[in-house]
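Shown next, in structure tokens, is the structure this report addresses.
Labels run A, B and C following the written order; every chain starts at residue 1.
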Amino acid sequence: MKYKNRLGLVVPYLYIMPAILIVTLIIVFPVVNIIVNSFFTTVGGKEVWFGINNYIMIFKDDLFWTSILNNLRLFASIPFITVFAILIAALLYDKILGWHFYQSIIFTPYILAIPVVGIVFSYILQYKGVLNTLLASIGCESLVKDWLGTPKLAIWSIVAVVVWKQIGFGVVLFLARLGSVPPVLYEAATVDGAGWWKKLIHVTLPQLATTIEFFIIINIINMLSWVFDFVFVMTGGGPVNSTYVMEYFIYQKAFAGSLVNMGEAAGVIVLIFAICIIAAESIIRKRLEDFQ
Amino acid sequence: MRKLLVLLLVLMTAVSSTACGGNSDDNQISSKNGQTTLKIWYWGEQEAPGMKSFIDKAAEVYMKENTNIKVDAVLQESDTLYSAFRSAAKAKQGPDIQYFWGGTQALEDVWMGNVAPLSDYWSKEDIDNLPLAQRSETYWDGKQWCMPFYQYGSVWGYNKELFAKAGLDANNPPRTWEEFMTTCEALKKAGITPIGMGLKDGYFGGWIISLLGQQNMNTKQELVDLIKGSDNKSYTDPENYEWITKLKEMKDKGYFNTDIMSLDLYQGQQLFDSGEAAMTINAEPYLAQLERKEGADKIGIMRTPSFGEGKMADSVGIPSQVLAITSFSKNKEEAAKFLKFLHTEDMMKLMYQEAGAVTPDKRFKDEWLNTEVDKQIMAWSKGNPEFWYQYFYPFGFESSGVNPIVQKLFAVDLAPEEAAKEFQDALKKWKNQNPELLTAFEKWKVLE
Amino acid sequence: MKTIHSAKGNSLIYKAISQVFMLVMTLLILFPIYFMFINSFKSRPDFIKNPIGLPAPFTVQSFLDAFAGKNFVSWFGNSIFLMLASIVITTLFSCLAAFAFARMDFKGSKTIFNMMIPLMSIPPIIMLIPLYKVMAVLNLVNTRASVILIYSGIMVPFTIFLLKNFFANVPKSLTEAAFIDGATQFQTFYKIIIPLSKSALITASIVNIVWVWNELLIALVFLQDESMRTIIVGLTLFKSRYTLNVPVIMAGLSIATIPMLLVYIFGQRYLVQGLLSGAVKE
């Protein structure tokens, strides 16, 4: 599409302007404010220049490292979510027996509110909860654990719940994308005698590539900045601070403690962390494309 | 294209104007038609059910008496009580009266400059009506900052039926530590869980340190000095961590429910009211409510058995939650007047009737009380010193120190000396991160 | 190259494996939801005795307790209003922007788009303070407009990101053909791109609807007026220590969940149709 006149050059900006305006107001401006404030500290209600001291204190804080580590542990769930979601989407797209039923079930966790999910799972995962009762009744006493009350286990229990909630979104997303894959591609593959697996590798995956990338990035952002409610409801950061994540760290500093500026500095660190991951992702993708 | 943009703009303005709908700007223009709006953000329904009903009724009475005032009271959620207020305070636009959990949890906002001193707006006689113990919780730098709103004596509840079943004297609960251990052992032998508790959310840490931690102290100032570190005081001093050895003793002997790590505080406490545990720690309104339901012949209360050498070994904890005038309020005089109204006889009676909560005020009359629990706590408050440990150390030290370390004591095998060292380290970390608050804290001379 | 198994040969095994796999997934997914609903119909002693089985006796007392004294109608209306307003704004703004990012060459296109993604990753909890300041300046504190703006602002980057991904997948040949036929740029946008991206629009709307409906933090902080409370806020506000009666909690959670579930069940047919209707016939 070519534009002949000057007006043509302005048109794209008109399209993006409403979105840019609202994002500037709601996100860009506050982020700038947070970045500026992270170099200040509050004394008696007034902001006083503090240099990079907030950052130094954060890096010296062992809870910060626990939190980052836990966010990374949450990242570990992303491959599982992605693979499972692709498999399920591919099966459903194949219209296996009962696909309609499965499809409606699989998405249900996604529409529940996180506090609801958190509370329900807290009851299920209690030491004297339903899961352990079930395990004991089928003779797996050795598997009976205090799922949310054991420091080494609790974060993984949270990871499992996040996976449970998040998978349906992936399925719907991939199914939506598969819906717009030209059927000819599959027909051609079938003519070539490709089995289910081959079709998955050679047709489905390449077609899904950009959507998978999108899904992974969204999940990285999710695991970094949108898991607060899970942690808050299920463990409150415990036991023994073992389930701190960055958001919880920020909440504790800014609102349970009185270190609002330090919380803001931690927010900036999360932002930088996210930018690095996303940049790394796009570099890797470019390399892969070049390689192919 | 232009048409579309115009359409969008129109749509946006339409949405925002319908959405604003009238009551948007009453905090900007505080007096329209000569009316002043008093905004109150409060909490309490969650621990004293009926509080919302009380506030609504009180506001109604007040507005009838003062037609120029509109009281706009909004109940807050536990999780956002502080985040909402801190955001409002940073923007200097928000409530005229704010609720705080008492002691340092309120004083930290004082130190951050978010609170206007109550004593600037109340006369000396008004202030003198407040009991000394509750006043001291938010008295700092020569000023009374917050108004004690309601108190919640925090004591042990015990189940008289289960005591009798274990062959114990239900009317003479243990007073010393040895008696307490014998009691727990007898209950355990009878197949009864001695103490019902929940540790998942960590709040138990603040409770147990407040019931045991003070026992070797003579004054509240000693705790403030321990936090400051004056005279090289430290948590590693045996008298300052003896309570940890006591707590560990209870844990090692198996006197708590086995699933303590996976229950929240309130869930653990509920093991007591369902009869699954013989004792628990709980607050006055809850226990009084339980007594009304189950009868005084089943529910008894006791003070923490004492082991310590200090005067505070016999203390009873009756902390108060507070209301305060915000530093950015444009209606401070009116706010102070409304607070005074809450301490009038009618309102004190009404709050007890609606929410079962006792107003900390010297004019509150014992004869208004209608449960053994309330009467008992009132009587203890007269014969013993009052001290609630949690209110005299920094709030940040609790969430990153006290609570997780107490959890650790239960989750792994941690020697009391090591736990004490961790307390001292956590305190040091808090001091390093909060030089401003520390300076303010160091100025603190506790009113005793 | 020929595959070892013929398409027919592996279909039985494939069918069996896929059915077992899906059944296990279904059980795992349904159990917690079953747990929530079934226990909301039990009495408290029944729940303690029997947390997994069917209620005996069946009772709706927990629902009555959960409903008691609450203004569900108003909460419900507020949630609907916030949802509709913010979804309309978000979808409109995002469609336009995503179209520009996906189909137009302009200076700074890549930079602006790439800057938008990381912006999604700033934790909302720390945004409270600056957002409150913004709303104070705009004089919108304690209005529905503030929440609608915030919701839209938060959803727009995600929605653009998702829609651009799908818009870019619409074959260039289609739009170019339309362009040659004399369609204006805007016409190709709403006559070709939008209809072909129905599935993407549906997906984005579902994600956004679910998010707005369940959003707690912003609604709590920015709507300090009881008449403006949303349903999820209303339900959590009364979560006091006295209602630790598990069946009552489960009933409350069920009430919060049922509207979304109903929307989902009734919208399901359209969802599936929409999702599978995007196929481009060239």
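Keep in mind that, in the parts below, a residue touches a chain if its C-beta (ideal position, glycine included) is under 8 Å from a C-beta of that chain, and two chains touch if they have at least 3 such contacts.
Keep in mind the model is a prediction, meaning the values are calculated, not measured.
Work through the pairs of chains, note which ones touch, and then classify the graph as line, ring, star, complete or other.
Its topology is that of a complete graph.
Count the C-beta contact pairs for A-C and for A-B, then tell me which is higher.
Counting C-beta pairs in contact for A-C and A-B gives the edge to A-C.
Taking the mean of the CA coordinates per chain, how far is chain A from chain B in Å?
So the centre of chain A lies 36 Å away from the centre of chain B.
Using CA atom averages as chain centres, what separation in Å is found between chain A and chain C?
15
Among the residues of chain B, pick out those that touch two or more other chains and give their numbers.
Correct list: 1, 8, 79, 83, 86, 90.
Among all residues of chain C, which ones touch two or more of the remaining chains?
Each of 89, 92-93, 125, 129, 131, 133, 149, 217, 236 in chain C touches at least two other chains.
Where in chain A do residues touch two or more of the other chains?
In chain A, 11, 18, 129, 251, 254, 260 touch at least two other chains.
Across the complex, what residues on chain B touch chain A?
Touching chain A: residues 1, 5, 8, 79, 82-83, 86, 90, 108-109, 111-114, 199-202, 258-263, 327, 395-396, 399-400, 403-405, 407-408, 411-412, 429, 432-434, 436-437 of chain B.
Note which residues of chain A are touching chain C in the complex, please.
So the residues of chain A touching chain C come out as 1, 9, 11-13, 15-16, 18-20, 22-23, 25-31, 33-34, 84, 87-88, 91, 94, 96-98, 100, 102-117, 119-121, 123-124, 129-130, 133-134, 164, 168-169, 172-173, 175-177, 179-183, 190, 193-196, 198, 210-211, 214, 217-218, 220-221, 224-226, 228-229, 246-247, 250-251, 254, 260, 263-264, 266-267, 270-271, 273-275, 278, 282.
What part of chain B is in contact with chain C in the complex they form?
Residues 1, 4, 8, 11-12, 15-17, 19-21, 23-25, 27-28, 39, 41, 45-47, 49, 72, 74-75, 77-80, 83-84, 86-88, 90-95, 266-267, 269-270, 274, 286, 289 of chain B touch chain C in their complex.
Give the list of chain C residues in touch with chain A in this complex.
That would be residues 2-3, 5-7, 10, 14-15, 18-19, 21-22, 25-26, 28-33, 35-36, 51-52, 89, 92-94, 96-97, 99-101, 103-106, 109, 112, 114, 116-127, 129-131, 133-134, 149-150, 152-154, 156-158, 160-162, 165-166, 168-169, 175, 179, 185, 196, 199-200, 202-203, 206-207, 210, 213-214, 216-217, 232, 236, 246, 249-250, 253, 256-257, 260-261, 264-265, 268, 271-272, 275-282 of chain C.
Using the touch rule from the top, collect the residues of chain A that touch chain B in their complex.
So the residues of chain A in touch with chain B come to 11, 14, 17-18, 41-46, 57, 60-61, 63, 125-129, 146-151, 232, 235-241, 251-252, 254-260, 262.
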